[in-house]
Amino acid sequence: MSNSAKVKPYLELRAETQARERGLKEKVMSLEEAATLINDGDHVAIGGCTMSRTPMAMIWSLIRAGKKDLIASRSIMSSEGDLLFASGISKHVITSWFSQGIVWGVSKVMRHHVEGGHAKFDEWSHMSMGLRYRAGAMGVPFLPSRSMMGSDVGERCREETRQMSCPFTGESLTLLPALNPDVAIIHVQRADAYGNAQIDGLQFMDPDIAMAANKVILTTERIIDNAQIRRVPDRTRIPFFTVDAVVEVPFGCAPHECYGTYEPFFDHMGQYAKQVSLDPVAGAADYLRHYYEEPATWEAYLERVGTAEILDASRRGRSVYDD
Amino acid sequence: MTEASNYTASELLAVMSARLLLDGQIVFAGVGIPLLAATLAQRVHAPSLTILFEGGVIGPFIVPGELPPSTNEQRCTRKANMVLPITDVMLLLQRGYIDIGFMGGAQIDRYGNLNSSFIGDPEQPKIRLPGTGGGNDISSLTNMIVAMKHEKRRFVPKVDFITSPGFLDGGTSRSDAGLVSGGMFRVVTDLAIMGFDEQSKEMKVLSLHNGVSSEQVQDNTGFDLAFDDTVQTTQPPEPEELAVVRELDPESLYTA
Amino acid sequence: MSNSAKVKPYLELRAETQARERGLKEKVMSLEEAATLINDGDHVAIGGCTMSRTPMAMIWSLIRAGKKDLIASRSIMSSEGDLLFASGISKHVITSWFSQGIVWGVSKVMRHHVEGGHAKFDEWSHMSMGLRYRAGAMGVPFLPSRSMMGSDVGERCREETRQMSCPFTGESLTLLPALNPDVAIIHVQRADAYGNAQIDGLQFMDPDIAMAANKVILTTERIIDNAQIRRVPDRTRIPFFTVDAVVEVPFGCAPHECYGTYEPFFDHMGQYAKQVSLDPVAGAADYLRHYYEEPATWEAYLERVGTAEILDASRRGRSVYDD
Amino acid sequence: MTEASNYTASELLAVMSARLLLDGQIVFAGVGIPLLAATLAQRVHAPSLTILFEGGVIGPFIVPGELPPSTNEQRCTRKANMVLPITDVMLLLQRGYIDIGFMGGAQIDRYGNLNSSFIGDPEQPKIRLPGTGGGNDISSLTNMIVAMKHEKRRFVPKVDFITSPGFLDGGTSRSDAGLVSGGMFRVVTDLAIMGFDEQSKEMKVLSLHNGVSSEQVQDNTGFDLAFDDTVQTTQPPEPEELAVVRELDPESLYTA
């Protein structure tokens, strides 16, 4: 089992990476097959941010597979964090902000689990989350930073960070420990069968997460031919050799957004928020039953979300390309 | 809307904050009042002001009526000059390119420290709030404007938890802790505009909004407020300013 | 005058940055005007790498302006390094590799100046150059690295680096001091009048250099409308507020290449190499006279380089988009 | 071409190095022989081998007859899977994704240290060479194959300057210096293939090319060479291998 508080020794990190299959091989599979790549206790880093490019279909698949004791990290957690707690597959998240979104107020599900001591929410500043993944991506044990000093956010993480007086300038610095997740799950607009991924618009922390992790599961709106990737190699954001699984899942972020393809499904999100506000336990259980347990496929899930919502979110999603 | 005025408290907040922004500045803005205020400033007096969003956006164009639900969705990127990874947009703060960080606040204390993490004992919290997001970074690395409602429960002697550092314990304690630049610049509320004493770093009232008395501000504050020697009175919102705010947020999502 | 060996104190770095004009303003000017932004003694970082996207027109302009005592840094120096030494505008370069290119052997001009003690060539590993610029771009005084240990390359730079035992893992690390150049000169395929730049293909270290420097001069094949930038904001690689000058200079890298537009002018490069091999002093002086002093404009320079070479380099340059 | 063979020394180097590369590996390659060898390996026995270039290129396709003049021009990017900034492609070495670093060498010593910086005293050099480029990083951070001509002046007891670290002073000195992974794997010359003793880290001959004697190798080496207990003889280049090399470099830019 992973200890997320511990920086992985370099020789161990390298040995794990060297043991991976890194050749140019096809790795297309189903959501169910991809879920088998994740072990109980793994540290799973989740791509995207808040309600954008959340790998929701993969999370759906992990909840259905009944994973246990996952440690989940993300730049910012939205409703997918609620579902990790409510389903019980994770009792420990590492993130900078956790609630569905400002307009819906503080997450009642998060509050129930954290205030009740059922689950752990480690809070790091947003830049610190990014620098921790980036350190992991660079193969260094830490990166220095000028944030998270003086505050109680820094104090609470003090055991995991180090303070340093800069040997060049004498300035105070915080050293942020590298995060090298066991698995990263990331949703993209396009990827080829080898795992070369193009990400339009907001990148969030995804390229760093992919590089830092020991396994990467990509879900993608579309699988495209490798020749399309090779026509514009400067648009590839995640290289194939970091990737272990490619799953084609149209609308794989629903009810969150996928840049340029669909915006958040606001009505669905509003109804969810209302349901869990009334009762964070029963409301979430009911939601999971209806949307996560009963539909046998992602397509059946989308059917329950509804055509009207899909069309509306798509129309809004494409508007980013309006001039 | 208050009885004596034709605008809501939130509209007042947006207008008063907007006036603090200068042309040519680069402003790291949260959604809600900060974004409305920054866009208002661009339209009225600061055409070359640049807005940055935490999600990784430089210089976007906000479509009226399509305000983003957070700083991290595609609505933030409309006609932006650049989008880039989150870590890199945050690092612009550390590199020193940003003039102002501009956010809302849930709880603030005498020294401008903000809490958005815990109400009550952090080990056994009464309420677990969403947390820092970029707040800790922004307030550690640049000059801050905070826009918030002026209520006694929000203006407390000492915050339960310092999520975003202001001047910590006042005096030189902020730079002693390693935060050598930036710091709280202004707190804008529906009652007044506050700054911080240069030496003690205690909050002090710089100006009162039209029709607001010193007593009213003190009554809504949980600690003894200092007042500047020459407290000004702000000019009420102009019709032009209110019109822009209402055009941007026609459904009053953030200005009800 | 800059001391390139010293890490700039943070308060000084910030004060310089805060003093810059950073609003969305037009900043189009001529090569001659741009040259006035650079002071004698400045540390000038040069974009591109080897023979690719070298800001040759700007260097041409600096040599014509008779700058003095510039410290020049670059990922890898090619023939532009020769010309910096031969013209006398710089007697100090910081780079990882310095010669026109493998196929032409060791630069005789570099050898003449360095072996004769006329100029200084500080050698850092390629990754270290990159991490030094990146530290400067991030606003931290150093970045940790696992390279440049044990070797004599590391030993020679020992005064400027620090060794560290990692407080998390106990591993040995090299701390590389940040480089914050006074000026960066960078050539791109497209930029708008505000300085938003798109760079196709190879990025080299240019985005980091732009972010690290205290001034940026962009030369560009074409100035495009800001509306074109805003249509594809995820292709902007350098944001306007880092940029102080935008100069439109078609074929501004000649006789080097500009990705997707023209390849190196191989015949010209071969003739140059031959000329300076025979006599690194007189050969270079003669080259500078003919190509740098006598032509009054960059267009007149290109005329001397010759139409046949321009057409040939262009034909080859566009081939990168052949399928 | 040597009298006894129908191939040049450089062609021999390319073929022999290519055979050391395994399918599925990721190889950080220099231009010249390393690139020719890696491409040859892809065509003959290692179709899923991936080439990386220092200029920032992952998995390109080399156009026969249009070999890049360095690892940093657009010719390196033809039909690549990805291009990325230089610093980031170098960091892949540090992160551990790369199997083999593959370069040429100007001067090598008994412990596999390479010099491409100075001939003579570095303070008063007889010749200032171009320097490390990425050589120091590559040899610090992964397993190395070096392809070079076997000449006494190039195989020296101790290099004048360690540009790219091999095993430094042998034994555990490399890891003692902080370089805990990677190291010299093979040196391929026109005469033989050398490895390094597991304990002492001294260079030792593993196999001789067809028609080459132990004495011949020793005579062309500036220090006492160790020989493996079971020195093999390599198979000469196959016509198929030579045909690929000549298709890639029809003007013999790198194989004359």
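Labels A, B, C and D are assigned to the chains in the order they are written; within every chain, residues are numbered from 1.
Everything that follows uses one rule, which is that a residue touches a chain if its C-beta (ideal position, glycine included) is under 8 Å from a C-beta of that chain, and two chains touch if they have at least 3 such contacts.
Fair warning: this is a prediction, and the values are worked out from it, not measured in the lab.
Where touching is counted per the definition, the chains common to chain A and chain B are C. Here the chain-to-chain distance from chain B to chain D, counted in touching steps, is 2. Distance between chain A and chain C, defined via averaged C-alpha coordinates, is recorded as 38 Å.
Mean C-alpha position of chain B lies 40 Å from that of chain C. Averaging C-alpha coordinates per chain places the centre of chain C 29 Å away from that of chain D.
In chain C, 10, 139-140, 145-146, 171, 173, 201-203, 233-234 are the positions where the chain touches two or more neighbouring chains simultaneously. Multi-chain contact residues, meaning those touching two or more other chains, occur in chain D at positions 57, 77, 83-84, 91, 94, 180. Judged by the touch criterion defined above, the protein chains form a pattern that is neither an open path, a ring nor a star, and not fully connected either. Pairwise, the chains that touch each other are A-B, A-C, A-D, B-C, C-D. By the touch criterion given at the top, residues 7, 9-10, 139-146, 162, 164, 166-169, 171, 173, 175, 177, 200-203, 227, 231, 233-234, 323 of chain A touch chain C in their complex. Residue ranges on chain C touching chain B, taken from their complex, read 10-11, 13-14, 17-18, 21-25, 137-140, 194, 196, 211, 226, 229-230, 233-234, 236, 239-242. Contact residues on chain D toward chain C in their complex (touch as defined above): 31-32, 54-57, 66, 69-70, 72-78, 83-87, 90-91, 93-94, 113, 117, 122, 125-137, 140-141, 161-165, 168, 173-174, 177-180, 253. Contact residues on chain D toward chain A in their complex (touch as defined above): 23-26, 48-50, 57-61, 77, 79-84, 91-92, 94-97, 99, 180-181.
Those residues of chain C that touch chain D in the shared complex are 49-52, 75-76, 95-99, 101-103, 106-107, 110-111, 114-115, 121, 123-128, 130-131, 133-134, 145-154, 156, 163, 171-174, 201-208, 257, 259-260, 263-264, 266, 317, 319-320.
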